[in-house]
Structure formats: C-alpha cells, structure tokens
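Take a look at these structures.
Next come two complexes built around subunit A: one with subunit B, the other with subunit C.
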Partner chain A sequence: MSEKQKFKWHSWATPWILVFPTLIGLVIFRLIPIVSSFFLSFTKWNLITDPKFIGLKNFKELFSDPVFWKILGNTLKITAGYVTGGMIFGLLLALLVNNKLRGMNFFRAAIYMPVITSSVAVGIVWTRILGPKYGILDFFLKKIGITAPYWLQDPSLAIWTVTFVQVWKMSGYYMILFLAGLQAISKEVIEASVVDGATPTQRLFRVTIPMLAPTTFFVLTVAIMDAFKNFELIYAMTMGGPQNATNTLVYSVYLNAFSYNRVGYAESIAWVLMVVVGLLTVGNFFIKKYWAQPLE
Partner chain B sequence: MVERRFSKILIIFFIILATFVSIFPFFWMLANSFMSEDQIFALPLKFWPDKLFKKGMWDNYREVFSNFSFALYTWNSFFVSFLAALGQIIVCPMAAFAFAKMRFHGRRAIYTLLLMTLMIPVQVIIIPEYYLMMKLGWLNSYLPLIIPSFLAGAFGTFMFISVFEAIPTALFDAAVIDGASAYKILWRVYFPQATASTATLFIIAFMNNWNDLLRPLLYIINPKLFTVTMGLTRFQNQYTTKWGLILTGSVISVLPLIVVYIFCQRYIIENQMSSGVKG
Partner chain C sequence: MKKLLTLTLVCLLAFSAFAQGASEAKTGEVTLEWWTWDTGMIEQNQSIIKEYEATHPGVKINNTVIATDGGAYKTQLSVLAQQKALPDVFMLSSGDLEEWASTGLCRNLDDLVASDPEIYKKFYESMFTSLKDVAKTDYLPGFPFAYVSCDMFYNKDAFDAAGLAYPNENWTWDDFLKAAKALTIDKNGDGEIDQWGYYGYGRYAEAQAWIFANGGVLTNDKTHKFEPNQNALDAIQFMSDLVNVYKVAPSPKDMSAIKYKTIFPNQICAMFVDGGWFADDFRKTIGDKFQWGVTRVPVGPHGAPKTTYGWPDSYVISPFTKHAKEAWEFTKYIAGEGIGLDQFMAGKMPAYKALVESDAFVDMTQQPYGDMQLFRDHASDTFVTSYTQGWSEWVGYGAAESMGLNGAVDSILNGETTIAQVLPSLKESIDKILARYY
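Entry: the complex of A and B
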C-alpha cells in the first residue's frame, strides 16, 4: 500500500461516489429510524397527529403491565430455546452430512430446503400437521397410545411448538455453517488423534468440538440474530395467542403500532428489544474474548 | 469391520431420517392440495390424495386461481423481488470495492455502522420507516418494498468485500498500470471475477424479498398489488379451515422458489459455506 501515496489511481471523490447509495440507505433507512425510534418512545402518537411528549410514561406503563413481562419472558424463552436447539441440531446434522456417502449433495440440499421457503408457508403446513384430531402427528401418536396435547392451543406448550418449528426451518442453515467449519479442520490433526488411539467419542469431544470453537462462536452470533426473526411464523401460526402465550417483543411492536395505533408505546417496546439485542451482543463479545479464539 | 459397517448403517439411517423430517412437510403440503375437503376431515386419516390422477385433480388449484388472484400475486412477487435483488447486485459491489480497495476518511466508521445494523431487528426501525414512506406518498406502491433493500444491503456488501479481498493483487496492479479508471477496474476486472457470488446474492436477496411479510403487510393495501406471501396470509384468514385450498395456495407460493433452489442449490450452499469459514 505504500506505493499508493506516490501514485493515485483514483480521485478523492471516487470512493464516495461508490459508497454513496449505501451511505444514503444506511442513514435514511437505518440510522435516522433508530434514533427517531428512541425519541418517539417518549411520546404518545398515532401516526397521524403530531407526537406528544409524555416523558417516561410509556416505560412506566410498560414495566407495570404483567403482559409486558410475559412477552419479555416469551422472547427470552424463544431465544434460548431457538439458539440451543438450532445449534445442537445444526452441529449434529453437520457431523452426519460430513461423512462420505454417495448422493450426499442431495441429502444436504434437501435438509437445507426449509431455510429457503417462506415462514408463512412453513407455519401453515406445520399448523396442519400439528392440528388436533385431523393432524397427522396426533394421528400417529394415537396409534401408539398417546393422546397428543394441543400443540398450539395449550398456552404453556404453544411457545415451544413455535420455537420447534423455527428450529426445524433454520437448522439446515447452521448445518452448512458447521459443515464449513468441520471441513476446515486439518486432516492431520484428526489423523494424529487416530494414531494416538483416541476413540471416536474422545475425538469428537477432545479434538473436533474444541477446534470448532471459532465456527461455534460465529454460529452463535448468527443464531442470536435469527432468533428475533419470528414475526412471520407467529403471524402465520398463532397471531401471538393463545392469551399472549406466543406474543414476543417483535410481534407486539407490530401489534401496538399497527393494530392498536399506540405508536409511542410500540416504540418503547422496540427499545426494550434493542436493549435485549444489545445485551446479547455484549455477552457474545465476552464469550468470544474468553472462550473462542479470535477470528481475525 | 462389523463395528464399522454397523456405524455406517447408523449414519445412513439418521441421514435418511433427517432428510425425511426436512422434506415431509412439503410433500404433505403437495398431497393436501390434491385432497377434497371430505378426505381432509376423514378419520382414520387417508394419506393418498383421493383426487390425484383422477377427475377433479386440479379442483383446488382452479378454485384458488379463480377466487384469489394468485397468478397476479406471483407475478407481483417476481417483479418486486427481481428489482430488489437487481439493486443489491449493483449497489453492494460498488460499496464493497470502495471498502476493500480504497482508503478514505470515515471508511472505518461507515464500515462499523453498517456492521452494527446487521444485528438490529427490523421492528426497531419499521415505525419511522413507515412514517417516512407515508410522508413520501409511497404507501400502496412497491417503492417501500424495493428501495430499502436496494440501498441498505449490508449482508451483500460484506459478502463482496471478502470476495474482492481474495482477488490476487497482480490483477489489480496490471489494471492500474494499464491506466484503467477505478470504475473500469470495478466493473471490468473485479465484478466479472465474482460471478458466483453475484448469482448467490441475487438469489438470496430474491428469496428474502419473496418471503418477506412485514413490509407488504404494512405498505400494500390494494389487493391488486399483493405479493404472494401476503396474499397467502389473507387467504388463510379468510378460509381458516379449508385446508385443501390453503395448502394449495402454499404450494403456489413456495413452488417458484423451490424450482429456483433445485437449480441453484450448489451455488447457495457453497457460498454459505465459504461465508461461514470467513466469519
């Protein structure tokens, strides 16, 4: 890069011209909305009249509302369940499809397929599969003598059902990410452990998984981001019900702003969401620092 | 030897099980689209669609297409997703080239901000965005579905940065010595080197827009402008228990993407793998 000081191959304006569209998008569709969301959370607003500043009233109402705590709890439950489930299934699937087998490309592609289909269609077909009485799962469970619970109608179960469907949809993605990590582990290390007489179990827990740490960290980061992308699934499967059992921060922002016309209140929920995401990101950073090797 | 064969059989068993669990819902969707209402609500359940290869096989499809403009919705989705994806494969390489190859003030700051926006859920920004679109008079048009994803494709930018950084500098030096302008180097030298990534980004952006629900739900009111994903939810709300029809609609909404996927799965999966290693 030192020659570049002497010889200029582009004018000072060139990088700005190239970055311009992205910069405009970043400012107008990301930064300004984030900042405005913050200020709007201190207002009472219905999108039509001017927003009215009401101080901390939204937050006061929010924190004294049991429904909010339930929704926050749901969000944390889904996030925890989704991240754990997605990572475990992703890793198991990656270990499976990392074997040499004829037609493996087909199996990988098939397992990845739910990732590319719309959450709405996925939500619909799973609602049908899990439906009471005429659902195919209940039918088979009954055959082996189990009376199936109401997967989506039982308030204590519905949230885990939705989490499961989200995990089902996305596991193929984490499988591919883990697979890339597995294939990047050098063959020599694995062979050395075989020569040293490590059993397959030892090899998995003492060699493969520790060497996968950077990938695991990356998957964790991605999975946390994805955990908040469940609006479509909830919309298609439960609409947040029954009795807010599957209502999450993400969904209630939509509900308050666009169904109840309580925009300021919705923004205060959005900012709680922002704080949750921020805390998870910071936590993630510490995991990276003290556990996973730095990536670059 | 026996033990190895046994573990191989076990592996095959689990792979087939995983594949079955992954694709069964799609088969069930398809099977249901060829079932009559009588069959769907029959006990014990029947698995073989009663109308398959028989008279009235396409009844559900006919009803869906005539009562609901699914053909129009599908076209709308194509239109919106195509333009949004096209925008991304033009805008992202431009920004990525500047980040990867040029040094300018604020480079690091813009890069960091862009990276941070990847983490932020869309719900945090959607209300001010909605207000902006309302003030611009863009409600009930495709602009709110296209423009934000056109301009703020952070994911694609990072993808192209890693691709451009991996291109040998000899190529870059040769172009500079030949006196090519920066734009020429970008579009004639670097961009053609990234065909696979361009295709992948196009497909991923296309799919994201095809599958998006929140923005169409907020911005589109006129039924003539519905996207297929949004149309499907309207359809579902109207025909709550008409599973044959709802699942026929689902088939129509996912089929184009699955066809594209079957042809491009190699690209997509390989690209996801390389982005994973990079971190």
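Entry: the complex of A and C
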C-alpha cells in the first residue's frame, strides 16, 4: 500500500476537525475570558448595569492604595515561604520514602492524603488545632507549661501559619514529583559514587540533587503557580484577616468581584497578578537555561 | 458562508427569545419565574406551586433555587439584571435593595398596593415602611415576607444556678453587667473561666444590636459619610469593656477555635446576642440539654425602648415583567396565605399577620416557649438598620468579615487597639467606600 493510499481519507481539513472541539473550549473558556477581563479592567462594572469605560482609574486607585501594596507583599511572602517550604519538605519526604522497605506504600499514601483532601476541610481542622483556647495544640502545650501564641490572630504570625498549613497540605504532591525524579536517576551513577568512596551526604549533594535539576525546575514552576492559588485555605482559616494580614491578590480579586461587586477593579488586580506570575515564569525559564539542564 | 452562519445564529437567538412568548400565546398560559435562595425549601416550594397552580388556572410557576454560598445567587441574579431578563419574582437581600432600587431594578409596587385595600389588614404595615427605609425610596420597591430582628438569648439554667432573675425588656446595661459578672464562673477552680457571662463575636448582628440599643448612629444619611455618634462609640466601648475591663466575656481571638454559633449551646457563655433566627438553630442544637430564653437586647443609657435592629426579608417584582398583576398575586400568596409557619425559621417574624397571631406561633411545646411572644411584639417596634450602598464592604460582611468595621471591632475587643486609635483610619477607609456610591 502506497503512502498516498494509506492516507486517502486525510484532507487539509482533517487536523482542523480533530482539533476543533479543543479549540472551541480554548476560545470560549480561556481566550474570550482573558481578553474580556483585560478590557473590563478599564471599566467600572457592578454586574447589574452596563460596564462604563473609566480608562486607567482602576489602576491608579490600585497603586495609590496602601492596602494593595500590603496585599501584594503578603502574596510575595506566601509565595516565597510556600515555594521554599514545599520544595524542601517535598524533597525530604521523597528521600525518606525512596526506599524499598515493607509498608512504604502506606507511608507514601498517608503523606499524599492531605493533597487530595478538601482545602476547606484542611483549613477548618487546622483552625481548630491552632485555636488559642480550646485548640488541641494549645491543650498539649499547656501540659508542658508553654503558652501558645495566637497563631492565626496575631497579624505578624498569621501569614506564616497559613503558609505552613499550605506547605503541609501540598508537600505530598511535590514528594511524588521528586520521587519520580529520584527513581529516574541511574543506579549505576549512584553505585559508581559509592565505589568512589562518596559519603551519603556527598552522594546527596554532589550526585542526587544535581541530577534532580530538571525535576527541581519543574517542581519550582508548579509550586510558584500553586502558591498563587491559595484561596480556599485563606477563606477557611482567616478570611484575609486579621487586618488584611493574610489578604492576597487572589483573595482580593474574589472579594472585589463577588462581595463588593467591583468587577472592573477586581480585573485590574487580576492583571497585576498575571504580570507578577508572568515575571516569575520568565525568571524560571532564565533559571532553566543556565541551571536546570540534565547532566550529561 | 459567513453571512449564512450569522443569519443562522441570529435566527436561533430570535427563536429562543420568542419561543416562550409564542408558547404562552398559544396556550394562553402565563409562566412566572420565581427565584429563591433557600436550598432547604425546594420541596416546600414545589408544594406551594402545586397548590397555587391548582387554584390559579392559566398560571404556571417555575422555581429556581440557588444557594447564596460564594455569592452564587447574587451573581447569577445580577447577570440577569444587566441583561434586563430578571425573573418575575425574586428574593433580594436587604443589603442590596438600595442599589437595585436606585438602578431601577425593583418594580414600584405602589399602584398594586393601592389597588389592594386589604393589604395592610393582612400584612404588617411597619414592615413595608421599614422596607422603604432600607431601600431609601419614596415608593415600595418590594414585598416583605418576614422580619429579622437581633435579640439576646440567655441560659435559664445558668440564671437559676446563680440565683438571678431572668432578663426582661426593661433591662439596662447595668442590669446586664451585674448578671454577666455573676454568671462568669470558674467552676473547677483551675484558674480558667468555664462559663462566661456573655460572648460577643463582634459581627454586625451583634455589634450593631448594641449600638442601636444605645441610640447609636453609624452613617450620616445626608453627607453619606461614616459619622458614628458618641452613643455608637460608647456602645463599642461597652462591648470592649466587657472583655478587657470587666472580664465577663472572652475576646473573639480566644474563641477562634470554636464555631461561634456553638458557644452558647455548649454553655461556654450564658448570654449571647445575634439574629432571632438562632431560635430555630438552638431548638435543634440544644434540644433539652438546658432551658433557654430570648429577650430584647438591653437598652443603653441613651437608647430608646422598643427600638430594634433588624431588617425585612423581601421579594422583588421585576420591572421588566410582562405579568405584573400575576406576579403581584403570586407574591402575596408566597408571602401570606400560601405558606405556613413551617416555612419560616423560628425567630423570624412572618409579615403575614394570621401566621404571627396564630396560637402555633408561640409554640408552648418547645423552647423558648412563651418567649416567642417577643417576635410578635417586634411588630410594633421602631426598626433601625445601617444599610447603605457598599454596606458589605464597609461593614465587613461574609468573606470580608475580618475587614471594615467588623475588623476594627475585632481589634478593639481583642485589646489590640482602642477606638480613638482606630477611628481616623476607619473613617477614612469607609468614607472612601461610600464616596464611590454617593
């Protein structure tokens, strides 16, 4: 059978027909909302009336509002804490469970469990654990004579507490990613380093971690994106409080769009968020170019 | 090809738009769209519809129920409002009434009320007046079906154990404070309070109940600025003193591990101020665990008796409806004769007099027994509210509850700041919000 006969059903339109359903979804659910949100960021719109074009007023208000800068700072703090914590714990857990011991699958599943648990449920449970009075942690700390701080009520602590809970919830996911990376490392290389007399610490820092670079880059990218999607935990644990201490760009978009009916203003915050995420992504690819290349 | 596609699309849209009208014209039937937010009432709504359709041939009702969670109800309703395709009859939160009325999204019901001389014989006129006050209109923009008041719940067993007389509507803040002190008890002597005299969680239904009970005012209706009078500030100071000076109430942050609505049922506090709808909640959560009652919020030194913080729950008729008369008849039915007491949470006062005046309203078979009379008495009260446009934002409501006035009250009750310290920045931020609307 000639090549021509084999593909006689194939015309120039075939790929377009195959890709059409995806394309429709992409245009309706992604492209149109993105373009609309861009235009809406220059409008005043309360949902019940027609949007009114107001030029750059939303952005002017945003950048002159001290609360916005606080929220932006919170978002960056959470991102830094979450990405660092998530990657460190994810890697440590992956190293721990990367052993062929009996019952290891149970521990892997147990560590992964919070990832698939509802964020709202996680938030509620941790709020009960961390409560200053009647909280479980407070109960045990009192037994050993320690007075617990106000984990979620102290403005200087709340943001790190929420970050910690998010790291706790998601570390299992990064563990799985790192585990896949660890299991892809050639055994010969590890064995060669053992033969060469490398200590376990040297093996970890000079062989395993460098060879994990592509995985680490992938985890970094995913973790940064996850860090910006921390809406549910904040909603369940602090509602952005106390005094905006845990309010983030995503939470602020939600508040302005659905609580305050300021859709245009919410869109302007969303676009700032997009620029921040975009800059970090560009930074990531810069890192990839010079660092996260697989070892030859 | 392009023209053909466009033409097809236009035809499809036109067809779907006229399909319902054509069907109505053909059958002579009127179909009313009825939107509600109470997802627990789906079955009851269907039985209301069945009875209504049986007695009103030619009228069909479609009920859409969307939960208010995450703003779903309001968002979908808003989108329809923008497209001028609102349902014929829909529930609307009192907090949105002024903005919707000022945008022309609530049908003026004055002509329909005028054509119905029996209306105020069947329904409480005070609720209609209150609805106009909330909407700040000189016409009736909706039809109230219930009234929500804020009241004080108390643990009768705790009062009995302390040898105290139960609170009554003549109570002053001094009476309240004396009782709160006597009810704050370290039962096991471990240095920790096991039963607080009072618990206040600082949200609007509690904080503003105290403010209005002292003749407080929060915003100036003429200047549209946040201008709390001294009475309002005194009320907030009194709430703060309960926590930080008299130590008869825990701070909100100390109670954050417990859901606020479970604090009174778990007997962690003996008195609790919130919406009257908690009567329904407490019937379910407390059962016969202890005896409890409900009374008015104690009147402050500058407050007027029988002045109650509350708001109407109402239906609005769409200004775009083609069936205003049918919608009016149906609204009267679902606010009045078509519903029973089982369709109301205990503690909410129906607008329909026959229901409130029925023996079943003060249900002597379950708690709070005779105290349910309070909700009847509210019918003759002076109602006050703080609703303005942008209310959710400046008060700090729902997902914004840690912000705005609520956030500031939290900080004051937690002893982190004082009224004098927080007031200038609070005023500046609230005035900025109000300036966007007025």
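In this text, the second predicted complex is superposed on the first by the 284 of 296 C-alpha atoms of A that agree within 3 Å, B and C clash if a C-alpha of one lies under 4 Å from a C-alpha of the other, contacts with A are read in each partner's own complex, and residues count from 1 in each chain.
Convention: contacts are C-beta pairs under 8 Å (C-beta built on N, C-alpha and C of every residue); 3 or more make two chains touch, one makes a residue touch a chain.
Note that the coordinates shown come from a computational prediction; the quantities given were computed from them, not determined experimentally.
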Side-by-side fit of subunit B and subunit C on subunit A, or clash: clash
Touched partner set for A:71, first subunit B, second subunit C, both or neither: neither
Subunit B versus subunit C as contact partner of A:24, first or second or both or neither: first
Subunit A residues touched - subunit C or subunit B, whichever exceeds: B
Touched partner set for A:235, first subunit B, second subunit C, both or neither: both
Contacts of A:128 with subunit B and subunit C, given as first, second, both or neither: both
First (subunit B), second (subunit C), both or neither touched by A:46: second
Subunit B versus subunit C as contact partner of A:150, first or second or both or neither: second
Touching partner for A:259 - first (subunit B), second (subunit C), both, neither: second
Which superposed partner A:250 touches (first subunit B, second subunit C, both, neither): first
Intersection of subunit A interface sets (partners subunit B, subunit C): 47, 128-129, 133-134, 235, 254, 258
List of subunit A residues in touch with subunit B within their complex: 1, 4, 7, 9-10, 12, 14-16, 18-19, 21-26, 28-34, 36-37, 40, 47, 93, 96-97, 99, 101, 105, 107-114, 116-122, 124-126, 128-129, 133-134, 136, 139, 168, 172-173, 176-181, 183-184, 214-215, 217-219, 225, 228-229, 231-232, 235-236, 249-250, 253-254, 257-258, 263, 266-267, 270-271, 273-274, 277, 281, 295-296
Subunit C-facing residues of subunit A, complex: 46-50, 127-135, 138, 150, 152-153, 235, 238-244, 247, 254-255, 258-261
Subunit C - residues contacting subunit A, complex: 70-71, 74-75, 78-79, 81-82, 99-100, 103, 105, 250, 253-258, 390, 392-393, 397-403, 407, 410-411, 414
Subunit A partner contacts - residues on subunit B that touch it in the complex: 11-12, 14-16, 18-19, 21-23, 25-26, 28-29, 32, 40-41, 43-45, 91-92, 94-95, 97-99, 102-104, 107, 110, 113-114, 117-121, 123-132, 134, 147-148, 150-154, 157, 176, 181-183, 185-186, 207, 210-211, 213-214, 217-218, 229, 232-233, 236, 243, 246-247, 250, 253-254, 257-258, 261-262, 265-266, 268-269, 272-274, 276-277, 279
